[in-house]
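The letters A, B, C, D, E, F, G and H name the chains in turn, as written, and every chain counts its residues from 1.
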Amino acid sequence: MARVLMKGNEAFGEGAIRAGCRYFFGYPITPQSELPHFLAKRLPEIGGVYLQAESEVSAINMVYGAAAAGARVMTSSSSPGISLMQEGISYIVGAQLPCVIINVMRGGPGLGNIAPAQGDYFQATKGGGHGDYKLIVLAPASVQEIITHMQLAFDLADKYRNPVMVVGDGILGQMMEPVDLEGTGGEMAEPSKPWATTGMRGRKERNIVNSLCIVPEENEKNNLQLAAKYGEIQRSEQRWEEYGLDDAEWVLVAFGTVARVAKGVVDKARKEGIAAGLIRPITLWPFPEKAFNKVIDQVKGFLTVEMSLGQMVEDVRLCVQGRQPVRFLGRPGGMVPSVREVYEELKKMAGVKTCG
Amino acid sequence: MARVLMKGNEAFGEGAIRAGCRYFFGYPITPQSELPHFLAKRLPEIGGVYLQAESEVSAINMVYGAAAAGARVMTSSSSPGISLMQEGISYIVGAQLPCVIINVMRGGPGLGNIAPAQGDYFQATKGGGHGDYKLIVLAPASVQEIITHMQLAFDLADKYRNPVMVVGDGILGQMMEPVDLEGTGGEMAEPSKPWATTGMRGRKERNIVNSLCIVPEENEKNNLQLAAKYGEIQRSEQRWEEYGLDDAEWVLVAFGTVARVAKGVVDKARKEGIAAGLIRPITLWPFPEKAFNKVIDQVKGFLTVEMSLGQMVEDVRLCVQGRQPVRFLGRPGGMVPSVREVYEELKKMAGVKTCG
Amino acid sequence: MAKIFQRPAALTGKAFHYCPGCTHGIVHRIIAQCIDELGIREDTIGVCPVGCSVFAYEYFNCDMIEAAHGRAPAVATGVKRVLPDRVVFTYQGDGDLAAIGTAEVVHAAARGEKITTIFINNAVFGMTGGQMAPTTLVGQKTTTTPKGRDRETTGSPLRVAELLSTVEGAVYVARVSVHNPASVIRAKKAIKKAFEVQLQGLGFAIVEVLSTCPTNWGLSPVEALEWLEKNMVPIFPLGEFRKPAEWDKNGTGEGASC
Amino acid sequence: MAKIFQRPAALTGKAFHYCPGCTHGIVHRIIAQCIDELGIREDTIGVCPVGCSVFAYEYFNCDMIEAAHGRAPAVATGVKRVLPDRVVFTYQGDGDLAAIGTAEVVHAAARGEKITTIFINNAVFGMTGGQMAPTTLVGQKTTTTPKGRDRETTGSPLRVAELLSTVEGAVYVARVSVHNPASVIRAKKAIKKAFEVQLQGLGFAIVEVLSTCPTNWGLSPVEALEWLEKNMVPIFPLGEFRKPAEWDKNGTGEGASC
Amino acid sequence: MLEEVLIAGFGGQGIMSTGQLLAYAGMQEQKHVAWIPSYGPEMRGGTANCGITLSDTPISSPLVTEPTCLLAMNQPSFEKYAPMVVPGGIIFYNSSLINTGGISVPYPIFAIPANAIAEELGNVRVACNVLLGAYLGYSKVIPVDAAVRALEKVLPPHRHKLIPVNQKALEKGAALGREYRKGGA
Amino acid sequence: MLEEVLIAGFGGQGIMSTGQLLAYAGMQEQKHVAWIPSYGPEMRGGTANCGITLSDTPISSPLVTEPTCLLAMNQPSFEKYAPMVVPGGIIFYNSSLINTGGISVPYPIFAIPANAIAEELGNVRVACNVLLGAYLGYSKVIPVDAAVRALEKVLPPHRHKLIPVNQKALEKGAALGREYRKGGA
Amino acid sequence: MVRIYFHEERCKGCGLCVKFCPKEIIVMAEHINAMGFHPATVTDPSSCKGCAVCAWMCPDVAIELERDEVHG
Amino acid sequence: MVRIYFHEERCKGCGLCVKFCPKEIIVMAEHINAMGFHPATVTDPSSCKGCAVCAWMCPDVAIELERDEVHG
């Protein structure tokens, strides 16, 4: 077992390379800079291309071009940069191109700061760009998981011809943890892409990559085709982790870094006699409603914890549909909820008196 | 009563001028072009400034500057252009500047088409940019209402120091209807803006317009201040129209152009003995949950109709919280639901057999 | 029977949707002629803009990509980096390239991206209804400069060929016109060179083509050509602004008069 | 007691956060000196970039606005159009102005926007950890060009002063340096002229300042000045590239040697 | 009363302004009115059409999806939209350019040589107003006079010299419409 | 076992790499480990600190909010972080630069003249490793040897010539740590 | 001998060919085509010298030209 | 007489003043300031000719100069 200590940001790069990605287009931004630094060094060594674009707007459109040409391609940024990519993302969805986009989220709104945050949940899951579309959104919670998620991200992107966003935060990006690289990489053969615009070279039909659809009836058809794809993804691709859920009465819901804090809370609560559990959404979209349906009758309530003013909690409410109480605890603007404060909130919810 | 026939797009401009707006920065895009054409002619005549930016990214940042300088200022675009503004919008929110943004929505995703659509509901109401923020979102449904909403938009923007988005669609923008301009304009005195960066000129303290807040604790404070403001807006500014709601058993929910179709459906249903009614959200954010709470026990179900794959319906579900069935009918990609098809869906929901 | 003039193979059979007399059509055709002559149709990937030529993918008989407004050079960069042995060109209007896409074209040039850009300067936003473009002439009336473009408040026309000539990676920069048969032939020569630059792997190549928009200029097609010659050519001088240094050595460039 | 040299009133008392020897500090001070000398502090509104100078609003003792990365010229435009009788300046780095903000500065110039731009070219993205900038020299090592910038794949340095000199609305364009006392004094003169252009309502004015980033260059502050002189000045020649035509007539420009 | 009128033809045939004329006149006559253009690609040329709703009660949907009247100015428009007209509806078509090919529809359909009449009047661009005149003469949904009075409002000042020829077009059309009315009555 | 170590000082004092050394050594010793830097403004310089968690069980939160050990390299860090150390925790501080001002805390706090020792060793940049050595010598959370062995992994190849001086720093520190241990025992 | 073909269905009647034909033998036809335009046509095909100027200027690629080859 | 003030708490020890002082009278002090830098200082204030070159080059505005005025 060869374990190495690796930064989360580097793991995004290492995982991408192991998943067969050879093209990166991006524009630097904190707190994900180690990722471009890593790829700027590594990609040329293995015959790939690292290209620094003049902006995020340009970067996402380079991704569009490379994806159209049939490549496994990715970009990476942090909140303000991802906002600038919204038009391009909508185009990539509209043209049904696969690619991977990483958002190492930071505190907002505006310039905000570079501290860890989850305030871009809505943007990622509901669609920050225009039109009806969805991204598949993955939320790893450890450096090891970043590696496996990158493979998953490229595979899902190719399978559904849809961009996949992988979200982290400053903590996940900057922290180092041991990772085991054995058995990662290259498992699924990259699918052939007969639709790619690679030059005809003997092909009979021209390939066209396009999201223009001037006739409403036809554009509606396109949209319904997207909707069918999204329905299929919702049925097949919900992913989540359960922690102490089997006999849980009080369920924490948290993703990414915060889910690690929540695990600490579950441990603490269990020690002190509260039957707590955790649902950690791994796919933020499709949101794992199956996990909620499973436990809805057994539990007494949900406590959603986020590094935001409350975004995922809406999806929790949409799953729960009033059948159980749903509470929210959030720290916006770059603050991280502590085990202690979440535990206090849980106790309140569970009706346990705080001593002292 | 001096009524004039006016295009919706021109009404956005006329209403803005009557509300005291003298600065427009924008980049042309269909189907809102008549608005810049109108203002390019009118604003210079009254000492205002129409400036065509080199892009939507630039336009929204010009708006940021003009708002910082204390002006009533607006921009306008359509879906792809609004996507490009997401970073800038997040900055304007972060710096707590007032301005008005118009989105005459078109079919997406990507380049899509220029037909009417409502697929940017999520982007407008949940925050397409990064970080935790909200826009006040108004949805007029007639040319006359556009005029009054423009006044309201500027007043709310100044009152809360937050951008207000006014959403329409290609139909509303392109259609002509009679409007009565009497009594519109200039009712609320423009508030003084002691925070504006106008040059010190004797002022003791420098003014600084900024969204950077590098210390997480302080950025959290800012975010909580925004949250408090948003809470206040949610309490005070919910607006909606009721149509046949008093004794309604089946409630349609629709905004903008679609709400007009829905009114036709209510009329038709009433004629045929179905007790239908309509909630037309006027503020998409804050979403008028008060309207739903009012009727929740009296009605048998809600039918949300949108020109999208289903976005506002999530807010309806969040209001209803499983207490009544919520159905959805949508036409994405630039198609407009017809009275007939909505009525058929309503009948199905109400359990009325379709004859023939 | 020998063909004197025939529809190039690099055009599909589809009829152009352009307004009568719009010179977009002429430029499409001469690009297609160049592709035919160079025998590169099956190696070529074109990138269309958003503008009146948004449907160009229906006309060029090769693989095509529709880019977002202004971003064709970035899209082309993505393609070319993945497929360095293919030929990639962009076709862009003056709204697309000289307004919203300014950064993209400047930096494709600065990187010396090995792509070919055909830039249609018709001094107006055609597609969206005749608004001012960065290339609109001072005094020219458009739907957003109803009294004519005013230098004091909106500046003066951006000269893209001159701008990009200061960028080292832009190894071929020319401005041509299509207002009469001789200028059309020169335009075709320049476009062919711009493809040859790419085939030789020398760097970024751009040809700015002065073009008409009879509809938004409010002129007949013939008047529009005359207006172009009389008003645009003096402001946008024609010529080759940059040629590859290599060509001066081995004489591939066929003289500066284009 | 006569002051020979004192802290300008247009600076607040706040200590700069810049790294030791970073010449951002010198440029801040000379801008403040110019503002003092022109007596415009209470009329001035400054716009900061995102870059190492993101906190400039804490240092300039006047109204200040923090813009999004690259958008300072657009923000300044918004301010100036609302307050045409105020003085508006932007302060921007080479990532901010020459990468992400390319379109904004080109078009502020093209419009002849009556603002003053101070452009800090330190050949690197300082704030984010030393990545390649569009102005990075060929061969220069950065965190994203670990083997040195490669002309073949990433092009060569963008020369902003030369680029903007082709734009009619950019009436004052100069490039200066701060690598020794004489150059600092010339830099200050140029900056003062760039403000005078605005005060005279002539158009857009920009001063590109070659500046050091000892931290990311991996050099001591003194070595950094030497590196600048030896490596940057030859690639980015100093001088006044454009001066207002009016000045040639009435002699306001104090000679071309800056 | 609820009239949904669809006017369709080539770009450049004056479709949009004829529609606006009808809407304006309707408004002057205290009707609720709405005018809405159709959507084509963003560029110029091609087909043009617009819908006008005239009603005694507030107008819910301004879209004309089930027209009660079609004014068809060219062949493709006729072919595309004639089948959409509701039972009980009516069609006026520009017989100078349209060949109905012996179409049989369950409602009145009237040939108006609009181009020919307009050319006679010396300005082919008023052809569409001939059709409008015919419709108003026939149906009396609003008086032809109202449309004539609205000309001043709808035409931009620099086109006011064209009021007389437009007025004549409306009136010539109306006369024909009245004829048909009588014939049909 | 759960150790949360906070290392804090000026940028340039080698804080980050000392932290990584500890994490790497912990990993080699089969501990669960996490290393995390603190956040400052995007620019260079200023303060630097990082947190290292070492545990026998999977680590939930990698954030070090309640440190069990503080290695303080300069005055401001000492003042800021000393009060955060949990009861039962421990502090080693760089007494070459820090004046504790007679602070009284309810847990062991040990002065290590780290700069002085490092300067003696001929390289002031290894001062932080002196502190780390002291901590390991004292606490035995992992063997000092493990840290020495990890040097090869953590230092980039072109710095491998500095392994000996770093090793000496760790060992000198460890010796002091063991002294304190004895003294305290 | 030169043969000139006007693809009438593609012609938009712009008149550019008319304007530049050195022999001045192109005119607009009386009838209109399916798009509603008067298409261009040649009055006297035998005067056509096959210079293709018309084809070079046609924005709609509506004109093609051939020449009879002399074999032997 | 020239008086030169070093605002020691602002000095980052960058050495630019040292490098450019024509009289070579500026050195870095032994002690460190609150920011951890060895601040610049003048060895022989009386040799200072008040040229202000040091102040012009100081990136941190840490140096100010005055001259005694001769009234009379």
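Just so we're on the same page, a residue touches a chain if its C-beta (ideal position, glycine included) is under 8 Å from a C-beta of that chain, and two chains touch if they have at least 3 such contacts.
Only a predicted model underlies this, so the values are computations on that prediction, with no experimental measurement involved.
Colleague: Looking at chain pairs B-C and C-G, which one is connected by more C-beta pairs in contact?
Modeller: Top pair by contacting C-beta pairs is C-G.
Colleague: Using only Cα atoms to place each chain's centre, name the chain farthest from subunit D.
Modeller: Measuring from the centre of subunit D, the most distant chain centre belongs to E.
Colleague: As a test of understanding: of all chains, whose mean C-alpha position lies farthest from that of subunit A?
Modeller: G
Colleague: Could you put a whole-Å number on the gap between the CA centroids of subunit C and subunit F?
Modeller: 62
Colleague: As a quick test, compute the distance in whole Å between the mean CA positions of subunit B and subunit H.
Modeller: It comes to 60 Å between the two C-alpha centres.
Colleague: From the C-alpha centre of subunit D to that of subunit F, how far is it in Å?
Modeller: Here the centre of subunit F sits 42 Å away from the centre of subunit D.
Colleague: At least two other chains touched by the same residue of subunit C: list those residues.
Modeller: 18-20, 54-55, 66, 68, 99-100, 102-103, 106-107, 127-128, 134, 153-154
Colleague: Which subunit A residues sit where two or more other chains touch them?
Modeller: Each of 30, 49, 51, 54-55, 57, 80, 87, 91, 95, 110-111, 113-115, 210-212, 214, 216, 334 in subunit A touches at least two other chains.
Colleague: At which residue positions does subunit F touch at least two other chains?
Modeller: Subunit F, residues with two or more chain partners: 39, 41-42.
Colleague: Of all residues in subunit D, which touch subunit A in the complex?
Modeller: Going by the criterion above, the answer is residues 50, 54, 66, 68-70, 95, 99-100, 102, 125, 127-129, 131-132, 134, 143-147, 153-154.
Colleague: Hey, which residues of subunit C end up touching subunit D in the complex?
Modeller: Its residues touching subunit D are 99-103, 106-107, 110-113, 134, 151-159, 162-163, 165-169.
Colleague: Residue numbers of subunit A touching subunit F in their complex, please.
Modeller: 3, 5, 30-31, 113-115, 170-171, 174-178, 257, 260-264, 267, 334, 336, 338-339
Colleague: Would you tell me which residues of subunit B are touching subunit C in their complex?
Modeller: Touching subunit C from subunit B are residues 27-30, 33, 36-37, 40-41, 44, 49-52, 54-56, 80, 110-111.
Colleague: Subunit D touches which residues of subunit H in the complex?
Modeller: Contact set of subunit H toward subunit D: 2-3, 9-10, 12-16, 19-20, 37, 50, 52-53, 55-61, 63-69.
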